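Letters A, B, C and D mark the chains as written, and numbering starts fresh at 1 in each.
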């Protein structure tokens, strides 16, 4: 039987370090597709955590700045940045609920406790039409995040969960795996 | 209530033309995340169809070549390429079961009837470690595709479905939408 | 393509009237299996609504009493009771948040606004080990219901969703249906 | 975190013995709801296995006969029958692909290898309008079962999967469980 790691962590992510809980590729893929991140995009990310999302964004975007308040996490993420040789990723110590230095940003991704408190700064740093993304495990967080988005004037808030299920393809027959991962977090998307 | 189009087609895809059945962003995101497509990647795609996948890949990859046998589809895809201003996307009339011109390719994506018949040429054109992806609606196709991958020497075949479900966030309460899209196609990934 | 009615409403339910929103057989089956309703069971149900749950319970239980405050709903449910010829189902006009007449009940099922307000009376009328079930569309209701269960001394609260998805079995291949029903309500189970 | 056993095996099933793979209550509930098994129903079941389905049916039906070819399984099921004190359940050693003794049966449930080979006898023993149910882990089995149903003249074949997912209701927030059971088997229903 396949383990969640076989199903949810493709080979090229396995070389990355895993410190704090990572955002899995299934959710990273959704973030890229739903925001339209591309070679011209400026991205701001917080918190960095192990840096899986920041690293993945840096591979497809122009510039990525990722913020975290914890130095131990930043160290892990710096290792992952180095491993992938990403010159366009800057990891900063800082609290995005207090300040975001960047301007005219295309995408802000938020995976941190009380991320709704960072939405005001996210709004300020985004260019018109820019995207904000929240990664939120609990439904109460989704509710508060969406309510804050609406209050701040963000448009088209959309709350999703991305579920990935694998098929076992074997001689005796094809069937979905018995067990698997049901939930990581909800993804909330909106545009300035 | 949200319509599937609100949930599965983000704003920046709505300006694209839809001729033949498109690959939806939920599946495009998975393809990007699971193959690790990035600014250095050379991609081959077939069939082009409406070109949604080819266009999305071209936004994050170095070069994309997309093949289709039908001129009516190619016309739609050319319009979408133009709309997005993508100089690094080449759309060719051709049958990848017969011939793939490109060499040292990083990713081959296949969404076409009998795509298992294109796997031999996919193998030849891929560099070592390169990824192949099949987009396959039926179980029987998944089975045949995986069996062919194994025969040809591809590694780590993984068959997945990516399911996206939206939450309704309203004053009266938060709940998943009543109805939605359950299935588009299975995604099969493997590496040379 | 199969319509939700083909998938979620088996033939023997199609002859029943549908007034207010019904509890679907997928959820009725869960209620029967998870409470262990059987030929010796005394059941109390509220609100009756169209009576689909009450009728289904009466077919397998000893006695069922179903309460509703609305006469128009009771009329529909009485028609369904008659159609199925169920002498062991009593439909009463009444508000279970105020009073439940029955004693030593095995199962209480609650599908009504503010059903948490009926839990005190549910506790009183249940025999030791008896089951209570809440049918709750929104997360907030689940939360409040479970918190009230815990306060009142109910044990082993379990909140579930039952999802039914159909396969299309056709000559061209087997695949899950494209669209379908994702959510009716959460089911919360607990025991006295 | 909740274990699959907490979520998928309600308390009143925990006292039953588990020998060979059991049919879980989520699927038993679907079988009861979708066939309309009730106090007047005659049921035939094969293979008995640990007897969880046979025991559950006997609690709500008039008479249940369950067949298995293996004496070790029959012993386990007899223990479960005794535990539940079910006088209306008969467990027989026998192969339903060869012979079903009962007549005018309301429901035949089949959970055994090559259950499609038992469909001819199932058809013969069922009364007009009677239900057959197949419990089938692999999609190839579903395909063959449905094809055989159609050939034999059964009507309204419906292939489903019943998926149960639990919510964690905790002070820090409500969210779906991280991991869980994705697949047991497909359920195929049809009527004579």
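Points worth noting:
Following the convention adopted for this analysis, a residue touches a chain if its C-beta (ideal position, glycine included) is under 8 Å from a C-beta of that chain, and two chains touch if they have at least 3 such contacts.
Remember, it's a predicted structure, so these values are computed and weren't measured experimentally.
Annotation: the chain C:chain D pair of sequence copies touches via predominantly the same residues, more than half of the used numbers being shared.
Repeated interface, listed pairs C-D, A-D or A-B, reference B-C: A-D, with more than half of the contact pairs matching by residue number. The chain with its CA mean position farthest from that of chain C is B. Work out the mean CA point of chain A and of chain C, and you get 39 Å between them. Per-chain CA centroids place chain A at a distance of 22 Å from chain B.
Across the assembly, chain B contributes residues 139, 161, 165, 174 that each touch 2 or more other chains.
The touching residues of chain B, counted against chain C in their complex, run 4, 137-141, 161, 165, 172-184.
Across the interface of their complex, chain C is touched by residues 6-7, 10-12, 25-26, 28-39, 56, 59-60, 139, 142-143, 146-147, 156-167, 169, 174, 186, 189, 191 of chain D.
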